Amino acid sequence: MHDTRRTVLKGIWAIGALASAAAAGLLSPVRAFAAWNKGAFEAKSAIDAMRALGMSSAEDSKAIQIRAPDIAENGAVVPIDITSDIPGTTSISVFIEKNPFPYTGTFDVSQGAIPYVHLRVKIGESSPVRVVVAAGGKHYTTAKEVKVTIGGCGG
Amino acid sequence: MRLAFVVTLACAALLLASCATPPRDYRPDALSLMQRDFHAKGIAGMDRLNEDSVQATCNKSQDNPPQEVADKLQKEQLAAVKWPADGKLLGDWKAGERIAQNGQGMAWNDKGGVGGSCYNCHQVGPRESSFGTVGPSLYQFAKKRGYSADIQRYAYGKIYNAKAYNLCSQMPRFGHVRALSEQQIKDLTALLMDPASPVNQ
Amino acid sequence: MRHALVLGLAAAISAAPWQQAAAQAADPTAAEFDKFREIMEQDNPAELFEAKGEELWRARRGPKNTSLEQCDLGLGAGVVKGAYAQLPRYFADVDRVMDVEARIVHCMMTLQGFKYEELAKQPFSSPVRTPEPVSLATYVAAQSRGMKIAPPQNHPKERDAYETGKAIFHYRAGAFDFSCASCHGEDGKRIRTQPLPNFTKPATAIAAVQGWPGYRMTGGVMHSLQWRLNDCYRQQRFPEPGYASETLSALLTYLTVNASGHVYRGPGIKR
Amino acid sequence: MADPMKIRATLQGDVADVRVLMAHPMETGQRKDAAGKIVPLHFIQTITAQLNGKTVFNADVSQAVSRNPVFAFKVKGAKAGDKLSITWQDNKGDKRTDEVVIGAGS
């Protein structure tokens, strides 16, 4: 399990490891909710979006739980439950790597919420769902593959 | 007098319990209601509500007509099959696979016939795991039955008019109603009969 | 998903989750779907339409500027609680059996002054528009959540509707020789990967009723049973049945009476 | 005019379990309408939750959130009778706020 996550992670990271290390030092690890981050939301790859958010140096973590179907009944509505057990978690970000615009959102739990969120998303084709958690000035990540199937009949 | 009255009452009670009368046939009620309530839309005209001889026979007998009636109608249906003039029954199995996958055609929002809807009801090729189970599996169709001219003719004929072989089969009569062209039926026949088709691997 | 749109053999009414589990116990894909069904049902966007329907029920609307609060759904004027569980039923004022949407349309016409032609023009939901009878039916159905399905069969016309509906269900015609029973008359069949519950038997007929009206994930729209039957007939390659017509009320009587005794769980969520 | 949200907030100890349904088309900008025309992007961008007027949860989201969105989150330090309000704003500037009183544990 752990190995799989590592491999997925490496795949994404290969391109931008250097740039992201630099970016991480410059940007505040706690996301400021000043403005909707257009650059990140319009990025066409997960790594570009993470870079725009200053999250691309995230370390692999087992303390983040993603509960999502292995095979989604309908890609238009895929339920995702995310819980972070990392002490001091301040935000949870979601990336659907194969979507045209992978960055799906950031949930700020630093002001009085528990590090948990449930959301439902559109997944265009089978894809890893990547989660990045900000905690104690650092970023942590894990991912879960969700398969999207061909439907039944048109009815 | 009194006795007669009692008897009449008893009869009425029996009638109310509906044990003295044969069950009422609701088909005429159903038909007139549908004739009144449906309307033509797109290519789906009101004539589609009319039963042809095969449909009527199957409807009236709950898909279980007397053997001699079925035999006679099957013969008529088989006689109406138009076999290819060039005598060739096998087209391109690759085109056949695409037709088998396609479930469109003949509905009120379609222009005409399009696909064969085969996977909706049958397992066909080995690579498609999303297949229905209303009809039997067609995987290894010719590998199991042989590649003879007779089996080729059966496959073509069955796709053209399933009712020519089994009167109340649930399968549509794709050639008979012009839902599929001669070439499309050849391609589907190839999908089932070509030794190179994935179906026979 | 693109794929799903082009498939279309025949009338498939999606099975309720437990039916799917029963039909495909050995299928790991179905088991995975079921695991997440409960989550989906817990927070179902159908509730938004239920709320909308309640608002519409109480609002003064139409040429007569009246609310629907005096609409008689079978249990007396204005009684909504439990009414859906006893529909379709016979209504003396129209001398026919009506299903929930037919009755709502009737009330919108008689109480509020709407015209049938207007209501029947675009009666089904799209991503941008949910017709009012659909939201209203969702509201009315939700007020029978947890109740036993018990459409009456006391009036002769209710029994006639059942028998006529049964005959309609089994009527094979059209370009593909299909009837409703072609897909929903046998146990354990499926179209592509979708289970085809047998509606002729009480144990499985509940799948025709449970979960309707339903929020459909594909397209994200709320649909009623009127829509479901309409789309079944499209895929059956028939001409189009009239919206809220007696034919559909009869068919719904047959299906719902077969499902009698099961507990209705409220508006649902569909694939 | 946006339709009301459906908010449920139930207590488990001093944590409020908040579940919200929002009525919104969440158009991706890729869907074509019946006439074949592209339906423009139209989606909720930000969500804010306040407990008795103090912000406790914030989210920025994209058009990948499903139509008629569903979210759930958990708020600490809540008690029965507290007011919980949720506001969303979309990319066209439309806004909607709804409020519930937190009920005792269910």
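Per-chain numbering from 1; labels A, B, C and D assigned in written order.
Following the convention adopted for this analysis, a contact is a pair of C-beta atoms (placed from the backbone, for glycine too) under 8 Å apart; a residue touches a chain by one contact, two chains touch by 3 or more.
Predicted, not measured: the structure shown is a model, and the values here were computed from it.
Looking at chain C and chain D, the chains in contact with each of them are A. The interface holding more C-beta pairs in contact, when B-C is weighed against A-C, is B-C.
Computed centre separation for the pair chain B/chain D is 50 angstrom, with centres defined by C-alpha atoms. Computed from the mean C-alpha positions, the centre of chain B lies at a distance of 27 Å from the centre of chain C. If you average the CA atoms of chain A and of chain C, the two centres end up 39 Å from each other.
In terms of their C-alpha centroids, the spacing between chain A and chain D amounts to 20 Å. Contact of a single residue of chain D with at least two other chains is seen at positions 19, 66-67, 70, 72.
Looking at chain C, residues 6-10, 43, 190-193, 217, 219-220, 235 sit in touch with two or more other chains. Touching two or more other chains at once are residues 103, 120, 130 of chain B.
Taken together, the chain D residues at the contact with chain C in this complex read 3-4, 6, 19, 21-23, 25-26, 31, 33-34, 39, 66-68, 70, 72. Touching chain A in their complex are the following residues of chain C: 1, 3-14, 29, 32-33, 35-37, 39-40, 43, 190-194, 217-220, 228, 231-232, 235, 271. Those residues of chain C whose C-beta lies close enough to touch chain D in the complex are 42-45, 47-48, 51-52, 126-128, 215, 217, 219-220.
The touching residues of chain D, when paired with chain A in their complex, are 15, 19, 28, 30, 45-46, 49, 51, 54-67, 69-77. Contact residues on chain A toward chain D in their complex (touch as defined above): 33, 36-37, 41, 76-79, 96, 99-101, 103-109, 111-114, 116-123.
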